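Two complexes come next, and they have one chain in common, chain A, joined by chain B in the first and chain C in the second.
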Partner chain A sequence: MNTRAYTAAKIGAEIAVPVALLAAWQLWTARADSQFFPRLSTILVEFRDLWLFSQFTSDVVPSLERIALGFGIACLAGIVLGIPIGLSRWLRLWTTPHIEWWRAVPPPALLPISIVLLHSIENRQKVAFIAFFCFFPVLLNTIEGVRGIDPTLIETARSYGIPRRERLWRLVLPAASPQIAAGMRNSLSLAVITMVLAEYFQGTNGVGYVLNISKNTYQMPPMWAAIVLIGVLGYLANVLFLLAERRLLAWHRGWRRAEAV
Partner chain B sequence: MPVVATGDAATAGAPADEVRAREGRPPRLVEPLIFVLSIASALLVWELISRGGLIAERDLPSMSDVFSALWDQMHTRHFWASVAQTVRGWALGLAVAIALAVPIGILLGSSDFLASAFRVPIEFLRPIPSVALIPLLFLTLGTQLRSEVFLAAFGAFWPLLVQTMYGVRDVDPVALDTARSFGVPRFARLYRITLPSAVPYIATGIRIASAVSLILAFTAELFMGLPGLGQDLNFASANGDTLQIYVVAVAVAFVGLAIHLLSTAFERRALRWHPSQRTGTA
Partner chain C sequence: MPALDVNRLAKTYGSGEKTTEALADVSFSVDDGEFVCVVGPSGCGKTTLLKCIAGLLGPTRGEVLLRGRRVTDPPEEMALVFQEYGRSLMPWTSVRNNVLLPLRHKKLSRNTRSELVEQSVDSVGLTRFIDHYPWQLSGGMQQRVAIARALAYQPSILLMDEPFASVDAQTRADLEDLLLRLHDEYAITILFVTHDIDESVYLADRVVVLTHAPTSVKEVVPVPLSRPRDQITTKELPDFTHLRGHVARLVRREQVAPV
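So, the complex of A and B:
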């Protein structure tokens, strides 16, 4: 097969397969007429009615707010704590058992504890829960990123008498940033998951809450609309982060390419 | 080594040996000593915060109470039955995920055409949080083991699939072309060249999938009322039994830690022959 025809076929398949899958879903649900699997068209209509925009401010905005706050706090804490731990072997020896422990805990195990400790099922508890579990990927990647810096760079900066503050801002943070970004990307998808968990468990509003309520009242279209919305949120969060990363770390990619040549 | 799709901490950065050599080794006993001291002091702080009243004992039972309650429960049948149920959900979910993700990943990874045909569905399904499926499973498959296994397998499938695809695609093309020109048949090429070079990726994928599988097995029990540690936590929470909430959480954390250590050991063993694990090479 010549290359151009092959490329065309590939692009065609890339478009045709998802379209075929969606069509199959619509046809299957239309034929099956199951109460649990509403037609795709029904779900999409429900999606529009619920989220665009009647319950947008009441349920979608609170969820987004929690994700943003929890994720933001986790990133800040992870970077601020990760840099000193990455730079100091003693701190690392001291903290490793705790980091390994918390990393092994399944997040939902702490849901009841977060409610008991914080006396809240409102934003405070939700944001704290999200932030706690998003913290570890950022922390670990910051530590590894800082550890991976070429020691000659740090020593050169030191011997040129560059003050500590400057060293951190101009050398350590930029050098570790690609790996910090990788940790933040993991955290962001975790933020969507923990948001759903926290709202589904106990709550008064949010996407996870809608999911739970529509399940309890056997309302299938809103339940599916919530599932689709959570999927879209997870997907968009990932795409937006990749775009931001590509922009912010453009210098890094360019540098790497130059080095590879 | 290229940065693996998950951005996992262990796969990038300077080689551990180099870092260790640069920092100089501490005296032999110092590392384990700090390890023990660090854990002991954290437990002590917990005890003091609770006994000292910084956080009321009603909200944070003391460490000694939690561990003695856990110790008591470790002598009951119910406790071990719960642990076994949670572990069973994890194991079945992981097994199903491996059985599906590895062959499909090899297929999609070795065909450029198939990979682009399924790129959009995979990119779209992969980031969907599996927890969103809980109510659907609750209503369709019901409160049964298969719901738990489905959820665990669904969650564990995606990271393993992507890792396998990356691994297969990362095969040295020169090695493949050489084998082809020597007339090595297709299946032998897959078995002798593609698979061994994808093993590091697959092993890392299995480690990640294993953690995901446990989280989702536990979540399924918590939210769907399936027997296991998750259900125990749900009962404790519904009864407002704070001590029990902590006991179950600590128990789950230990199960998680055991599975984490197991899968890390497995990964290391699977990679024993691989250059990235060799020590003392130039």
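So, the complex of A and C:
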């Protein structure tokens, strides 16, 4: 199959599969007439009314802000701390056990602590919670990316007397960037998960909050509308990230292809 | 005063029972403008020697003097070209930026920098590819980029660690001739490590033959072949055949020696 046909098939599948599933959902729910599984058309109308109009600013925007802020803080902290740890064997020795322990803790287990510690169920707690869990994939991938730098490149830099700061900026960071991006992509999906979690359990607004309230009050259409929105958010975030990565790391794809020949 | 003076250099790795003596006692010198090749049996510590000379490794004993000054860190008037061209170039940026890299921290004007870059890329014949990524070029061309980067740095001495060992024979001959031309044009001193005996005799004014590890200098062979040299006619000369035979015997005797 040539590449163009493959791309066409890929885009087709990306659209056709969800459409087929949605159609099946509509047919099935129309027949079942269940209180818990409202018709797709009902969900979509609810989706439009809720998310595109009445609660866009009150619930969608706060959720998006939390994701963006938490994810941004996590990326910054993960890269800034990951670089020195990746460069130093001693730092790795002392930090690895802590990192491994904290990242092994499942997010819900830390929800109560985050609320107690930060005396808050507002944005501060939500953003901190999201940032904490998004931090680890970026950190670990930055460490590995920095460790994986070709020693020849570092020796070249040393032999040319390139100062440390410039070595970091011009060699270490770009060389580690493909792996850092892989970590960031992991974190992005974690950001959506932890956002829903934080809002679902304690909150006063947000998509996760609406999900919880609708469930508690047996309002099935808004609950389903929230689920659909969360899925769409995660999907779109990933697509946007991949597009950015494709542009910024174009060299990496080309290089990998050239190396493979 | 010689440009480079290697004085009773020794290097041991590890300590206690696991000690490996890589360099035992290496002494030789390189004069200004000279082209000196270092050959030796495989595993004889050629790369260790070069790294000590470049100031990347500290010697256990002895010293390296660059124009009378002791080398402890990589000196500014020295440039190093590695065998692994693909790994010493940055894949994320253009040929231009790769060549520019070591100039960024030098106190030069913006114009001087870009002139140096363009001039040195031109002298290795890659002007057309200056805005390509290194991985878009062939292996031989990538090694030219590494050479251009070394030239732009304007070193007084160029160290090369088996730079042509991983390209095909035809490319290798082209690169050898390019290097001879640059040696002439830039009046640069070159210390060239290789395991290829033909290459060493073809390029050098003198060939330093090393023993097996722990390494010392077996013999320094002068190569009085006239310049400019030519891949065909120079290699046809009886003197060339004689010299390469002589160096080859020295190296072979080292290889069969008991370890």
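Going forward, the second predicted complex is superposed on the first by the 241 of 261 C-alpha atoms of A that agree within 3 Å, B and C clash if a C-alpha of one lies under 4 Å from a C-alpha of the other, contacts with A are read in each partner's own complex, and residues count from 1 in each chain.
Rule of thumb we're sticking to: contacts are C-beta pairs under 8 Å (C-beta built on N, C-alpha and C of every residue); 3 or more make two chains touch, one makes a residue touch a chain.
It should be emphasised that the depicted structure is a prediction, and the values quoted were computed from it without experimental measurement.
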item: Which of chain B and chain C A:Tyr235 touches, first, second, both or neither; value: first
item: Touched partner set for A:Gly145, first chain B, second chain C, both or neither; value: first
item: Residue contacts with chain A in the superposition, chain B compared against chain C; value: B
item: Chain B versus chain C as contact partner of A:Phe47, first or second or both or neither; value: neither
item: Touched partner set for A:Tyr218, first chain B, second chain C, both or neither; value: first
item: First (chain B), second (chain C), both or neither touched by A:Pro163; value: second
item: Common interface positions of chain A, toward chain B and toward chain C; value: 150
item: Chain A residues within the chain C interface of the complex; value: 150, 152-153, 155-163, 166, 170-171, 174-175, 177, 251-252, 254-255, 258-259
item: Complex contact set, residues of chain B against chain A; value: 3, 6-7, 9-10, 12-14, 19, 22-23, 26, 30-31, 34-35, 38-39, 42, 55, 59-60, 112-113, 116-121, 123-125, 127-136, 138-140, 211, 214-215, 218-219, 222-223, 230, 233, 236-237, 242, 245-246, 248-249, 252-253, 256-257, 259-260
item: Complex interface listing, chain A residues touching chain B; value: 6, 9-11, 13-14, 16-18, 21, 36, 89-90, 93-98, 100-101, 103-113, 115-117, 119, 137, 140-141, 143-145, 147-151, 179, 181-183, 185-186, 189, 192-193, 196-197, 200-201, 211-212, 214-215, 218, 220, 223-224, 226-227, 230-231, 234-235, 237-238
item: Complex interface listing, chain C residues touching chain A; value: 51, 54-56, 73-74, 76, 78-80, 82, 84, 86-88, 90-93, 101-102, 104-105, 133, 135-136, 153
